[in-house]
Amino acid sequence: MLAEIKGINEECGVFGIWGHEKAAELTYYGLHSMQHRGQEGAGVVVSDGKNLKAHKEMGLVNDVFKHADFSALSGSVAVGHVRYSTQGGKVLENVQPLLFRSQTESMALAHNGNIMNAYKLRGELEAEGSILQTSSDSEVLAHLIKRSGNKITEETISKALNQVVGAYAYIILKEDKMFVALDPTGIRPLSIGRLGDAYVVASETCAFGQIGATFEREVLPGELITISNDGLSSIRFAMRQQRKMCAMEYVYLSRPDSDVNHVNVHASRKNMGMELAKESPVEADIVVGVPDSSISAAIGYAEESGLPYEMGIIKNRYVGRTFIQPSQELREQGVKMKLSPVRSIIEGKRVIMIDDSIVRGTTSKRIVQMLKQAGAKEVHVRIASPSIQNPCYYGIDMSTRAELIAANHSVPEISNIIGADSVAYLSEAGLEKAVLKDKTIHQGICTACMTGKYPVKEEGEKEIAYTSC
Amino acid sequence: MLAEIKGINEECGVFGIWGHEKAAELTYYGLHSMQHRGQEGAGVVVSDGKNLKAHKEMGLVNDVFKHADFSALSGSVAVGHVRYSTQGGKVLENVQPLLFRSQTESMALAHNGNIMNAYKLRGELEAEGSILQTSSDSEVLAHLIKRSGNKITEETISKALNQVVGAYAYIILKEDKMFVALDPTGIRPLSIGRLGDAYVVASETCAFGQIGATFEREVLPGELITISNDGLSSIRFAMRQQRKMCAMEYVYLSRPDSDVNHVNVHASRKNMGMELAKESPVEADIVVGVPDSSISAAIGYAEESGLPYEMGIIKNRYVGRTFIQPSQELREQGVKMKLSPVRSIIEGKRVIMIDDSIVRGTTSKRIVQMLKQAGAKEVHVRIASPSIQNPCYYGIDMSTRAELIAANHSVPEISNIIGADSVAYLSEAGLEKAVLKDKTIHQGICTACMTGKYPVKEEGEKEIAYTSC
Amino acid sequence: MLAEIKGINEECGVFGIWGHEKAAELTYYGLHSMQHRGQEGAGVVVSDGKNLKAHKEMGLVNDVFKHADFSALSGSVAVGHVRYSTQGGKVLENVQPLLFRSQTESMALAHNGNIMNAYKLRGELEAEGSILQTSSDSEVLAHLIKRSGNKITEETISKALNQVVGAYAYIILKEDKMFVALDPTGIRPLSIGRLGDAYVVASETCAFGQIGATFEREVLPGELITISNDGLSSIRFAMRQQRKMCAMEYVYLSRPDSDVNHVNVHASRKNMGMELAKESPVEADIVVGVPDSSISAAIGYAEESGLPYEMGIIKNRYVGRTFIQPSQELREQGVKMKLSPVRSIIEGKRVIMIDDSIVRGTTSKRIVQMLKQAGAKEVHVRIASPSIQNPCYYGIDMSTRAELIAANHSVPEISNIIGADSVAYLSEAGLEKAVLKDKTIHQGICTACMTGKYPVKEEGEKEIAYTSC
Amino acid sequence: MLAEIKGINEECGVFGIWGHEKAAELTYYGLHSMQHRGQEGAGVVVSDGKNLKAHKEMGLVNDVFKHADFSALSGSVAVGHVRYSTQGGKVLENVQPLLFRSQTESMALAHNGNIMNAYKLRGELEAEGSILQTSSDSEVLAHLIKRSGNKITEETISKALNQVVGAYAYIILKEDKMFVALDPTGIRPLSIGRLGDAYVVASETCAFGQIGATFEREVLPGELITISNDGLSSIRFAMRQQRKMCAMEYVYLSRPDSDVNHVNVHASRKNMGMELAKESPVEADIVVGVPDSSISAAIGYAEESGLPYEMGIIKNRYVGRTFIQPSQELREQGVKMKLSPVRSIIEGKRVIMIDDSIVRGTTSKRIVQMLKQAGAKEVHVRIASPSIQNPCYYGIDMSTRAELIAANHSVPEISNIIGADSVAYLSEAGLEKAVLKDKTIHQGICTACMTGKYPVKEEGEKEIAYTSC
């Protein structure tokens, strides 16, 4: 299913590189491979050891960087960011990396996640006379660091990190040092790679593949890494650490070729499809996946069930920002947008339609209807993850509980609403088995949006008034 | 494999609609679904019964039509065109539909194919004082029609069509009539659909699906159809007709959800993969397709062979016109462009890599190398069509014979050049079986580029000096 | 007064250069100096002796040429054109120089003027099977030349010129020759200059000043000049020739620093102001000109009358295409557009307001009102040319007779309509005296729009159906 | 002479309006009339009583506001700004009005002038943990206000203003109040106008004319005005006040139709020309002004001397940002840029060339040479202001002393360098007489750049490290 239709919005991606003379260009390629994590804006801040220079714009990575003058962005260290698109807070000031200059030293900051107590912290800072320049939760950390001694060091950053509550992956750059921090629960992914002698940091490992770098290790929950000309050093800034990787990274958010916490995303999705076939088989003729994110699960389902996988739904590759939306009238007359059914494949068949998740149900309804109009005899919807019933406070911009169809309806009701012949979800156990299958060491995933088990809590978490990333 | 890498360029798409008040908008959606047939430019000419109005631009369909004022493009009849991109002739004048105004009646013309005797005809016209305005072969027909009596009728068009030699699908529009013509060999696809009372004409049936229209019938070889307020009438303008549908439409050019001459393209490709598995099996661990056009064949190969299909190569969806190409230096350091391997899937595996065709071999070499660097133990290349050894004179902009790897090297040599552990092509018989499998009526396909059997000939065919479409 | 307000639109400008290695760039500067003659579009065609290359676009000269790649426009010969802006015919195809390619030789054509029998000629050409590509009258000549023998020579051009009736300045370029032609009445200006060894041709001599060239001579009425590597040669293609230079070139159209038929435009305007002061004096405090075109006349009036010239009306330099027009409501509240009065200069004064002409009267009314609101005690309007009462058939896009205020009202009525305390026009004798003052050789000016004395006639002149230039 | 050639850059313009429902649109028109004060960027912040909304961009006013959605900029209060263009600090962040949001109340700030102790104040703020977001001196005031009690009131603003030293006109907007402040020496112009019930504030009175408003009064030196729904109230925040209006506003910076401190700018310039004619007469044939800013003075000189004023130099209206600069080679061959001489006026004449000032002398040299090449027998340069010999610390971006020709050369030397037959400057007494002529109340002008008499001093004034406005 499609992000823009579904109402799940990705949560930014961060990228950093230390020690390569083409730092800005490699940041472009790294961000490009993480374009799916944010389409609103992108940017890079580069350091030549003495000065920080920024290039940031609204728009897709290609659009942003076609205006970049790489010769002016010289320097062997860079940090980059892609930002997702929501209605509010869609302004250039919020595009990261945020850059703060001063007469003594400057600081750039790139963030993925959500600071749950940002509103409270911000009020305190303003009462003391500080002026904040963005409406993003990410900026609060910079002021906390500055207030902790007007120096940017491991100590002031640790002190500041201990004041923020939430899920976050941070890269902080000053003229001669890069700092990398992950929250104590490790909800958001963040990895370290190597490209020759250079260090690379990225939200997803697909960025390493993109630039020819190799995976080195995951950043650990509660870890603060310092990279400088003296190499890499690390401390743990938090008392307790326990990894709870966001399950949605596997289900939907990450790119299939990324390994999230040592697990390949495509493989985990194929596993989800296989587990789903075991849990909820159904007599049918063909298995069809909703492109792009459900293809892996559909192939897994087909393989496990022995049914043929067919390309029964086509995604139009050229539908993008500039696509002219058909009017209501034309849509009713049958004009398609992003997805089209393939009549000669669907007609007369009993179809198992695999999707990765259902949020509001409106798109599922449309696809089921589309398949039936193309002649499907039956449509059995199989969802390769447990149903989503709760909001996320850790950085995913999901619909509110009132909009979540599974928070308000039983499975048979959902089947009825979307017009399917049957609906089944993968179980929580099935999801864990699919994701953690090959792992010998124990570790957990955060399934709060499915199960309501929130690993991080903050009183007054409703106050979230700022744009998260 | 990817068109822009491979050197096969698509051959334009034509679209026409008669009798719908949103004619121009539906043309936009129709052309949009055929965007893969031409990325250089697009346009529409609309008639309100009295006047023809045009909107044409260089660029993708979305870019072209975002400047269109649909309220000014009123009228219930329209013809549209998407044009492919080559080096020469890349100018606005060549963007179709071509529009010729006169004091008596005007004419718009959209063409897919190639007029083989265009140079000779043009010289004759100029000697008589005519001035041509484009460097495209398509324009010659308009002058031949005008010289045949300064009236645009079934008769003058028939007379003109009998002077041109080649492969072509033409839509011609005047204020109150639309003419649709296909060459006597029917090399290029062209179908008629219905949308309520309206008639629709399109190079590919995916355009019907896009706008909610239904397939009615194929335009026949040597047929000239006239559509007007009196309905549809048809004559055969040529003495001999024999269908030889371009095989490359199945192998590579058409969209998987199109039915070309009654055969679904995805299904034919899956069949090619299955035939290939029967003809050239190999012991291996996984089957991997080169996205996007080889995925169907790869799934067919996997199903037939019983091996798992895996997403071992990822295509970056955001690489487009504005992508900044990495420098030679960065490419050598491992920066990827459109395709990336998935190490955690490939590593340690014996891989069957399915591709639809090989033109020059340079891309195949790069992909094999990429898979090996990602840890593939073996790479067996299986091509889901016979080898391409001859140029096309019917409208596909293929490389010259000197560049075609299969015209100059044996299969073992090719295997060696591209660094594969083995290479095998589908046989001609296998291709015919895959495409014509379900067909009871006899009909042929043009395999000239593979077999050298050219169904249409013209002396001095080397003279092609004009941009074809 | 201002062209865009007034309803007089300039009639294109042509430029040619032979024998300078920076031909395309110099054409840019030449056209730039004639920007006032046409703001709709501009272009250049350059020849390197073997091929013609074109660069044309809609827009101002700067906008058009910022996209030009001068290194690709190599060649020592070029012809350029600026085109005026009207509602109809505002399309790229009409932007000149028109370029016609053929297998034998190519031709570029730049035109200023109006072919009065274009509609008739066009119909004849189409009946013979020719297809014309523009809606401009200028193109007809190219087809007449081609039909006269399919060679572009002095003979075929002469033959073609003898078939067209109207006012015209033509520059025609083929690979190795440039032809320059002026109609037998010489209504439109056209001069020859030298820049080192190079020949330069331009509608206005300000283009010579712009590029550092010197004036050599006027092109004569009915003259056809051929420039090639053998130098310049000339014939007279018409039987009768009699110069009648367009009076509006002096009054309003040409740039003040141009010399039109040996008379400096600023000087002629200052003379008009002086003559006007002699003919129609009035007791007042200050003389104010309507910027920009009436400043010279106002200074002349002030000098002759002994009254002080003051800057009582300011023209906003930044009002251009992108200026956001104030709504009716804001205009009524006093928001100004292009012109503002200067209260501290106007207040309490008796003002003589000098303008070059009145077309519809609406703008004059607005300016008088503006001056009164700024506190002027009296406003005496003095127009530095005779009243315009007739349409122009020679290439100026003037309002129709029904719209011309002076065609329908007496001078006292006009004064009443525009709210002035008095109005006076310069007499025809005064105009001739002002323009021809310093000339010893006899020659005439065309005052048809003022006097109705049309020097060139054509039956059915109402048929003008094509865009003139 | 021309700003961009000369090296004097204008110093921003501010605009405010209180109590008109089209506040944002009127701000556009107001800023448009002050475009000459800043071409780098422009912006507006509007308040609807509850929220501040901003629209700011780099570029000319028209370009900036063509992207503005006025319906989204609803509210009856607005403040606007145009910013000048220098090399450094040319970034969007510096475009004003600066906007600072907080949880309690927001603040917008527009500034014209220069804060001389900005560097020192900034260092103090940063040491206390504040993060500043621009490289502009203007921002310091906002932080000083916030640090003075985290409330935006007459008291906190007064307190902050007493910490800054320099020349400034400030407009500060919060949700429900507008504050207007002028430095104690009143070096920069700032006036109050009325438009119906609405209050208008602007750097130049031409903005009042533009929108139909009427002049009410000057803001007084050291005055802080508060505008709210309770009307207008005023305090004096500074101990000593003494008006020293910048003389360059009359000589060159302001628009001729503005009244600066009750003196019309065109009239003052005409007076300067008259005084100059009295002080430094010379036998000659014609008087020529360098367009645009010297035309008024030239007319004054001509009137006083009895010599004819002639349009001997033409300014090309279409030379702008997109003009393609001629190469050195073409310039040497005579290709002109912004100014062209009119040979038929200049040739054989003794010319008095009037300019408003000379900065580096390079342009004067070029114009004198241009006139001589056009045939001038003699060129006598008369400058309508005293010579510039000192830098400005009050907000005008002038050349450094090393570059100022008059700081390093005597008048005869200057005459020799620029190739004139004679040079004379207006005396300081002449300037004062010309400007203060009609004024009965005593007041002074700042002539520091001419005389070295600096009315405001600050130790360490060399430290200016931030972009002023």
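Which chain is which? They are A, B, C and D, in the order written, and residues in each are numbered from 1.
We take it that a contact is a pair of C-beta atoms (placed from the backbone, for glycine too) under 8 Å apart; a residue touches a chain by one contact, two chains touch by 3 or more.
These numbers were taken from a predicted model, which means no experiment stands behind them.
Taking the definition of touch as given, a chain qualifies here only if it contacts subunit C and subunit D alike; none does.
If you average the CA atoms of subunit A and of subunit D, the two centres end up 50 Å from each other.
Each chain gets a centre from the mean of its Cα atoms; for subunit A and subunit B, those two points are 37 Å apart. Centre to centre, using the average C-alpha position, subunit A and subunit C are separated by 62 Å.
Across the assembly, subunit B contributes no residue in contact with two or more other chains. Every pair of chains meeting the touch criterion is listed here: A-B, A-D, B-C, C-D.
Taken together, the subunit C residues at the contact with subunit D in this complex read 22, 25-26, 28-29, 32-33, 35-36, 60-63, 65-66, 195-196, 206, 209-213, 255-257, 259, 264, 266-267, 270, 292, 295-296, 299, 303, 308-311, 314, 316-320, 322-324, 326-327, 329-330, 333-336, 340-345. Residue ranges on subunit D touching subunit A, taken from their complex, read 92, 100-104, 119, 122-123, 126-133, 135, 142-143, 146-147, 150.
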